[in-house]
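Chain lettering (A, B, C, D, E and F) follows the sequence in which the chains are written, and residue indices restart at 1 in each chain.
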Amino acid sequence: MGIKLKRGLFVGRFQPFHLGHLGAIKNALEHVEELIIMVGSAEYSHSDKNPFTAGERVEMIRAALKEAGMDPGKYLVIPIRDVHIHATWVPFIVSQTPKFDIVFTNEALTSRLFKEREYRVERIPFLQRHDYSATEIRKRILNGKNWESLVPKSVAETLVKIHGIERIRELAMSDNPTGAGK
Amino acid sequence: MGIKLKRGLFVGRFQPFHLGHLGAIKNALEHVEELIIMVGSAEYSHSDKNPFTAGERVEMIRAALKEAGMDPGKYLVIPIRDVHIHATWVPFIVSQTPKFDIVFTNEALTSRLFKEREYRVERIPFLQRHDYSATEIRKRILNGKNWESLVPKSVAETLVKIHGIERIRELAMSDNPTGAGK
Amino acid sequence: MGIKLKRGLFVGRFQPFHLGHLGAIKNALEHVEELIIMVGSAEYSHSDKNPFTAGERVEMIRAALKEAGMDPGKYLVIPIRDVHIHATWVPFIVSQTPKFDIVFTNEALTSRLFKEREYRVERIPFLQRHDYSATEIRKRILNGKNWESLVPKSVAETLVKIHGIERIRELAMSDNPTGAGK
Amino acid sequence: MGIKLKRGLFVGRFQPFHLGHLGAIKNALEHVEELIIMVGSAEYSHSDKNPFTAGERVEMIRAALKEAGMDPGKYLVIPIRDVHIHATWVPFIVSQTPKFDIVFTNEALTSRLFKEREYRVERIPFLQRHDYSATEIRKRILNGKNWESLVPKSVAETLVKIHGIERIRELAMSDNPTGAGK
Amino acid sequence: MGIKLKRGLFVGRFQPFHLGHLGAIKNALEHVEELIIMVGSAEYSHSDKNPFTAGERVEMIRAALKEAGMDPGKYLVIPIRDVHIHATWVPFIVSQTPKFDIVFTNEALTSRLFKEREYRVERIPFLQRHDYSATEIRKRILNGKNWESLVPKSVAETLVKIHGIERIRELAMSDNPTGAGK
Amino acid sequence: MGIKLKRGLFVGRFQPFHLGHLGAIKNALEHVEELIIMVGSAEYSHSDKNPFTAGERVEMIRAALKEAGMDPGKYLVIPIRDVHIHATWVPFIVSQTPKFDIVFTNEALTSRLFKEREYRVERIPFLQRHDYSATEIRKRILNGKNWESLVPKSVAETLVKIHGIERIRELAMSDNPTGAGK
């Protein structure tokens, strides 16, 4: 791929971190010397779409990348809260992270917002996208199906250790699964 | 039931306060010397799910408990706004209320969040749960069916006095019944 | 219509501004000497229901009223952010605008909130309401149907100039069309 | 004093509750049948001017009024967070409390804001105002002087029980006594 | 001055609007075809530094520019709330206003923030800066000195009409002149 | 030092990062296997006390620790915004970071808040505290005195590269050095 760019931004919520994310990060690191892994919606947790806290997600990501033998000098993990004002979302991210030269994302709105501010945006070839999806994993956990094969071993262990399985199932019994009004 | 705990927390939105709530409070007061009645989502009003202000709800609760002859030295009513960050919801409640030893709730997420912080949580045996539900009452008001029998007499009077019937019906005609964007 | 009131408030989101709005403003100006055009949900943009920023909407409205030959001394355009607390929405608007004597709106909740604070509220006879709707226009843009005939010429030009067509279509491809979590 | 008004609002921060407050409440209850004791700046604590949480302040007030033998059916204690927008401060309070007919305060801004919204406002004849001041009490605690004589006995006990003396002294050693930046 | 730029931004708080502002606006309009007059700190009022609401300030500005015979097609007045995050302040303003090509300000931080985002910034030659200052005017109002000569006649009339003199004086008697904690 | 704890939290604002911080981090890493370096007040920048964005501060810290030859697998840098509610500050930090067993701080309020939640808190023996202070460094930059000797070489380079010297000096010329009202 010729010469590498200095730093890239990889945007995700990682609810939870899975093998698709891992593949994407490896792919991105072929293009940049250093990768910022941005943990979005950082203040949310304990809801059906956002079961895990930012801290738990940071812990999963660190464990998974260590397990994969990746050089910790090549990436940094930064939690970013939602700002709810799209017109200032990109400038807010920029203020919370070291300078970056390229953004890796497949999400249409994220892509649009960075492009409107003249950032270079690249799609990431996710492997087996349908399965390696956090939505699919949460659904399998809920339904008692095999989900462990979709995440790194260390993530599966972390999920068990923090009682994540139980949490996802209890949240599904809530009158208020999104937790609106807490 | 043996010895009573000092203080309990009863969590609700009370949109509106009904006979099921009253039964639950009486039941809780068999277990604790004093009960904090927490009025949740306190800043919301004038929407389909939250028609009444916190102030109106406090007024209903005071009137209903007075009507039921309950000792005002045994309970206190505290409105609590939403914080929208589940990880800090319980600590925020704790900062706004006198210390409590037990939480009364049937809601799965509420229960989960308090248990994760080592609080004792008890389910409340609601009487005739299906009918004595605020959702059911709002639906009956909307459809012109009998709802008065599901609430204490003083609550029915308060609802009429504050033009609550008219408010619920007008909100239902809104393009925007949740009021998002106000 | 006899004597005119001094100042009126016309409430809208203008996503985008269309010929129905223009007709409504002309109608309102028959009743008041000066009209405040309030651009609601001002902080939102880049979502399916709120594609345009407040600044873009102000620009569209100014261009359209100029095109229509209206006297710029007769109206002023004020963007107002959402406060999300209905009980303080009207007082917040009042604090952000010059004093007004009448409110023009067809929306039930808006009407209710102003009436509860003793404001005079008038319905506006929108022309051909079904077509002249911002929802309809956004749908036509998305589906490649004719929408230009529903908006003033200068609005159509502004939409093209700011790449608004492309923006609406890209937002529709988002996993997250409301942009929740940005 | 002739006929009593139905309900009054007494505004304070109660950092901590002292004998001046108690006198004021007794005085107010000669004019109204029921008194709302509003605990302002409810979300703040652990700073030099706001050492105690709203919950701790509610607990102090309940204990002091019980100690004074006051009828718990005659008052209710409502914590209210700051809204930081003066133009909506009074409407926010009104939305969080049962309806009231009169406001008791000696503070000029509070008085002004209620009067601009047509509320009746009365000054309260505080007894020995200079000493019975929360600022004075916090200063005495800091300097190891006698403060116990300025508060009800139950408040002094609560302060000791929650390690309030130690808290006030440690906060004074902070680089950052207002806690800005936490 | 050669060819005019299309649109400029003039940043101020206008507490209150005075003859220095008027001179600055006239001066700016020699350089641009249209001027956005941004009313900053729009949500604040009823404090010593920010006595007037955004609505009152918009009303003063409209009246003063009308009195000065300025063409209402040449300017628009936009209230902007504080965002408290400097890194997103300029992008937020940009999202709330039509596109502009130049910023007029003498304030060092405002200048810096716009320059860091590659905006052209020009200083404004204020006439008799020392006297024509909002701080000076508020001080004179407080001390009963002549202030009327420093503001347009219509502003003086508006201030009297809204009881602004009385408000400034009462706020100065507050224990809490900045209103922190309301 | 016997057995190490698993993870520690080091709290700072790093405006800018200096040799005292570096010494403290080295010291802390003798006690824990992994250290979370929390960048507090993350949303603030461009003010006299908080000149640098969180992103710039993260970049300085990464560069300085790399320069010092420290193992990037031993630390992680997490920006945390202020929550302004002391009672929920510690729970918020806990939700944004991996689990930690000990907190390193010399600040009295920080220490108090963690101790009230039963965390182990240790003081850090800062070397030459008076000089190695961010306040002292900002003052020297402002006054044109030698500051480079107080920070790691890579921090000095970063400060120059981002025009940090010029920024600190311009902010000092602001009417509004804290930037309140932006």
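The rule we apply is simple: contacts are C-beta pairs under 8 Å (C-beta built on N, C-alpha and C of every residue); 3 or more make two chains touch, one makes a residue touch a chain.
Nothing here was measured: the structure is a model prediction, and the numbers come from that model.
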Contacts common to chain B and chain C (chain labels): A, D
Gap in Å, rounded to a whole number, between the CA centres of chain D and chain A: 46
For chain A paired with chain F, centre-to-centre distance based on mean C-alpha positions, whole Å: 26
Inter-chain centre distance, chain A versus chain C - centres from mean C-alpha coordinates, in Å: 37
Computed distance of Cα centres, chain D from chain C, in Å: 44
Residues of chain E whose C-beta touches two or more other chains: 43-45, 53, 83, 85, 87, 94-95
Topology of the chain contact graph, where touching chains are joined (line, ring, star, complete, other): other
Every chain pair meeting the contact rule: A-B, A-C, A-E, A-F, B-C, B-D, B-F, C-D, C-E, D-E, D-F, E-F
List of chain B residues in touch with chain C within their complex: 43-47, 53, 167, 170-171, 173-177, 179, 181-182
Residues on chain D engaged by chain B in the complex (per definition of touch): 42-43, 45, 53-56, 58-59, 62, 66, 71-73, 76-79, 81, 94-99
Residues of chain E defined as touching chain F within the complex: 13, 40-41, 44, 82-87, 89, 107-113
Chain D residues touching chain C - in the complex, by the definition given at the top: 83, 85, 87-88, 91-92, 94-95
